[in-house]
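Below you'll find a set of structures to go through.
Shared between the two complexes below is chain A, which has chain B as its partner in the first and chain C in the second.
Right, the complex of A and B next:
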């Protein structure tokens, strides 16, 4: 088979990155807004105050715009696995396809079905029934995220699967192991709750805009308070789960962790500083202009004061024996497929754990065939392969830092916002209100940088330690990839423009267009649970 | 309270307990997400109810 050209691999990566990052501009708001709508509607059902129904309907309209575009941009990505990543799909499809199929059949159908009821059922369903529908929409959208993140976790920390030398692909073993993969758990909660932060900032920012303009004050003050409280707890949860994920990366993906922290040499605990600023130089394998906080890195990453963090240079050296073993695995596998002999199979099984490193070495072998490496050239190929195990350190390091710094900013904004709102002093703090307004896009930006950290840091693998990215793409031409990339970029940009236009339009119109609600001192009463219980 | 309602609530409680025991053991972070999301929704809602109470006690146009 002809080797896949590196240009096609790079363009396939770029296309997936572009479509995924576009798609993920819509997803987090969907994840978070649904539960915030549920919170607003819960208050409406409990208190019977109509203003909370207005809130659920108004913010629900913004959710609807976002949901429609999120679905449209998400569907193409599932097809991309087949069109642009056919080698990956063949190798890992049994494993990866299962959670994706469950997502489509269970979560997405559930979410889509109940979305219609949520929008059009206000006058047709009883209050508790409509509330239940809203919760089911929230659950459905987050279950969609669950299955996608389960699939993603299986690429980062493969579990519940094994390589079958007969079929030459990963076979699915256990759905339970796949679902309860620790990486899937932490990643799901981290991502879902990051969506809560995005939704909180959107609601808080637009509410701040109304308060600054002196419009819809009762509506905006309640929305602001709910969003600020929603946001502050969610931000704490995101940071906590970020720490959990970091610990998992330390255990399972040492190259990614070292790149995230810019650790070139194995650390000497406990002094090691956490680098707040540095310019990692991938070529020289060192950092320039380091500014760090001493004694923070070791406990932050390892949760101890004594455990070292292996540096990238040492990880390269440690990879040498695995690359040699991987070459031996592929050589034995080829021999076994030709001869069927038990000794060849035994030789393969002895080196099977390092097979992925053999694939990685194939890039430097004649015709990408490790069995064609002349005996005297083996060490050269191993040495040439060693640097390939590292991701792009500059990108991983800074994507991670931007996400971390933004999360600290969100904590400050939500904490201050909650305090001022609880004191009913929002109007006396116009600076805070302006900061909230201008911070609306930042959580979405943070989630994008989170994904860049996770996926750029996973390189050079599509399936960590098993399948290199350069072997995963389809055998398209460069022209085809450029044309389709330009098409996606154009169409998705139109989607973004449509989303922004509609969001701005409806946010500017405000809640009164959706039914006038009562004044600040009389938020309106209908029968609610509190009323029914004799308030 | 009628018997079917009681039985329904009892069944929900048993399912919730089984869920907590199994998921809490096998998937602690999934369990944390369920509990945490409920808590976030309730605290956020409580904040809104508190605002209504504050406005009733101290009526003011300021927010």
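Right, the complex of A and C next:
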């Protein structure tokens, strides 16, 4: 193997992380807003009250501004698998390309075609037909999330593929296993309902702003209540599914779980505390300043009172034999590729399960070639590779905690908001309204930290236990990477400035500008005022 | 032929159809973007032009994404390698592709003429540049690109991006692709706009078509003198999809014409394409934009098909390690993956086609400047 430069791998990771996190600022809002638009329009079609059409059109405008950036930045993600992760895409693409293609066929196409009709078709379609179009946009965007998460789950918990020495890649053998990957199912629901939380908070926060200013009262009161109720249900769902996901990580990705919870030494249930605060030190392999809640960790993670959680130090020790075996696997594989002899193949098959750990050792081998390690240096290479099996604990631990703490905050805000809204006392609670307004960016922040937990925790692998991130990147020059990073920084900064400018502009303008000409003949308007004023 | 070979061949055909669809549909939108500043002299006219493709550009761009997804799934090695080989160009292409959706959404949301003029430039760049790169990529691939694989299948590049950007044959192909897209976009504008946009679009489309014809003919002469790639041994259709080893490839002058010499009937494809590019502008001049649009589609189909016939079974030859050239047979997915994708495509492509046609039906009719300016939903 020709040596790979760490700088290029790190820059590729940086670029992917930045562009993915950026893309993910827009996706959750799209996932949630489409369903809220569909709900508003449904009420409009069923009751005929024009105020709900105004709602659908006004929030639809904000949705459109956001949707455009979601689509645009999503293209980046698809490109980067090819442009920056060439080895990954060749090694895993036989399977991994399929969910991405299905996403295009089944979801993205539908969403993008109908979104045009949703904006342009108000005067050309009958009411039920337009409503159907809005539902198809919502369905499309959520199906899109499904397939992307199916693809992501296969990197975390690989299923439905096997390594084939003939083609030197993972061969796809079961789409059923790929779709029904338990990680995919839980992740899909967790992520899409997280999107509903983001959308609810946006609608609730902007409605709160109007109520604070005494503008668009009927409109804002209705939007607020709808968002608060939608938000509380979604927050409960997001926490529940988060718990399910945690259990799956415990089962399938022990290194990620131990890092998320800061567990260095295998736990002895049931006394173990859940760490609410700690400063994990990756170098010393211990935590500073631990503040824990006793007895909580074991049942929370394992759903039992007796099961232990394997600590990171023990996981490192267990990896030692797998690394040696992986080195043997690659040595035999290379010999077989040249000789085609049955004995080389048998030797490879004996160590096949650990091949990924052999790849992991590559960066510590002389000349990055694990197949030519001098006998005397084998132990050194294995020992140097061992700490590599752990993700960055500080990042994983804190990303996870920030997400969890934020979700508890959302629960409180939505619960309080629903209660006050149902009691029609919103105008008497300016503090609540201000909290709602200021909380608008927080769910998006929480979803970002969720991604950091999932993806930083997956390290050092792109395909868990099979292909290290270090070997997955395209071998570009540092100059290429600096060029693309600078380009992304420039374009993405312009985009976010334009998007925020428009979001603020249209949110401040409010709904009256948007097809609400018939407001005064609208019977629902009076009724809405009653709702807002409490009597 | 065994069933795996048939699957591979079938997916190669789909790949070709995707390239054609991309040229025709996305090319049309990009052509309108390129022409925007020229056919529209004031804001109302430009908005009219934009709204002509307004309801459909997004769906068309999805063809582009879907094309990428299909290449990834059906030819993972080709996807992984070609995107990395053309890194700098692909990143520039990406920047153009992501400018477009934002330009559509944001341009008309602010009154300022400076704001709108900036986005109009964005349309020009994000329309012309991707079409140029699209054509240039075909040109570079025909000449062969520099890369090789290590024994583990790690890809290494052997040539700098400058050699791809400054390759004269690639520049010719890129210009031809832009010309075809101007033709297609102009025909679309004629179909759905009235004067004065109609007349201006007609003028540009006519010149686009004839420019493409000249470049296509020139390209043909160039290819006849170029070193093509020929399989010497191995690399059979039934081989395991392993690009690292298993074939010997030689470079032969005029090699890309081998299939045409062996089967002279195939000449009908490039000659038919040339005929389309010459006749199409005449049809537009006779004020038959619908027929002219279809003839433009014919030009794209013939062009891509000509490249496909010339290179078969190569997809992306390596100039530095010809033995590791990517072919249909060694860069495709497994039999299981290809079957899976085939079944899914058979289910979903008809569904996509039916709802896409329905959308066109709903949004049919001429787009008038007066309606656009008064409509709050428009771009």
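Here, the second predicted complex is superposed on the first by the 515 of 535 C-alpha atoms of A that agree within 3 Å, B and C clash if a C-alpha of one lies under 4 Å from a C-alpha of the other, contacts with A are read in each partner's own complex, and residues count from 1 in each chain.
Operating definition for what follows: contacts are C-beta pairs under 8 Å (C-beta built on N, C-alpha and C of every residue); 3 or more make two chains touch, one makes a residue touch a chain.
If you're wondering where the values come from, they're calculated on a predicted model, not measured in any experiment.
In this superposed model built on chain A, chain B and chain C occupy separate space and fit side by side. Applying the stated contact rule after C-alpha superposition, one finds that A:188 touches chain B and leaves chain C untouched.
Of the two partner chains, chain B is the only one touched by A:35; chain C is not.
In the superposition on chain A, contact of A:52 is made with chain B only, not with chain C.
Looking at the shared chain after the overlay, A:101 reaches chain C, while chain B stays out of its contact range.
With both complexes superposed, C is the one of chain B and chain C in contact with more chain A residues. In the superposition on chain A, contact is made by A:229 with chain B only, not with chain C.
After superposing the two complexes on their shared chain, the closest approach between C-alpha atoms of chain B and chain C is 17 Å. Partner chain C is touched in their complex by these residues of chain A: 1-2, 4, 64-65, 67-69, 71-76, 78-79, 81-91, 93-98, 100-106, 108-110, 112-117, 119-122, 124-125, 166-169, 171-173, 175, 334, 337, 359, 471, 474-476, 480, 483-484, 487, 491, 495, 498, 502, 505-506, 513-515. By the touch criterion given at the top, residues 54-56, 58-59, 61-62, 65-66, 68-70, 72-74, 76-77, 79-84, 87-88, 90-92, 94-95, 97-102, 104-106, 109-110, 150-157, 161, 240-242, 244-245, 333-334, 336-337, 340-341, 344-345, 348-349, 352, 355-356, 359, 362-363, 376-378 of chain C touch chain A in their complex.
Partner chain A is touched in their complex by these residues of chain B: 26-30, 32-33, 36-37, 39-52, 54-55, 59-63.
Contact residues on chain A toward chain B in their complex (touch as defined above): 35-36, 38-40, 42-43, 46-47, 49, 52, 176, 179-180, 182, 185-186, 188-189, 192-193, 196, 211, 217-218, 220-222, 224-230, 233-234, 237, 241, 244, 418, 421-422, 424-428, 520-521, 523.
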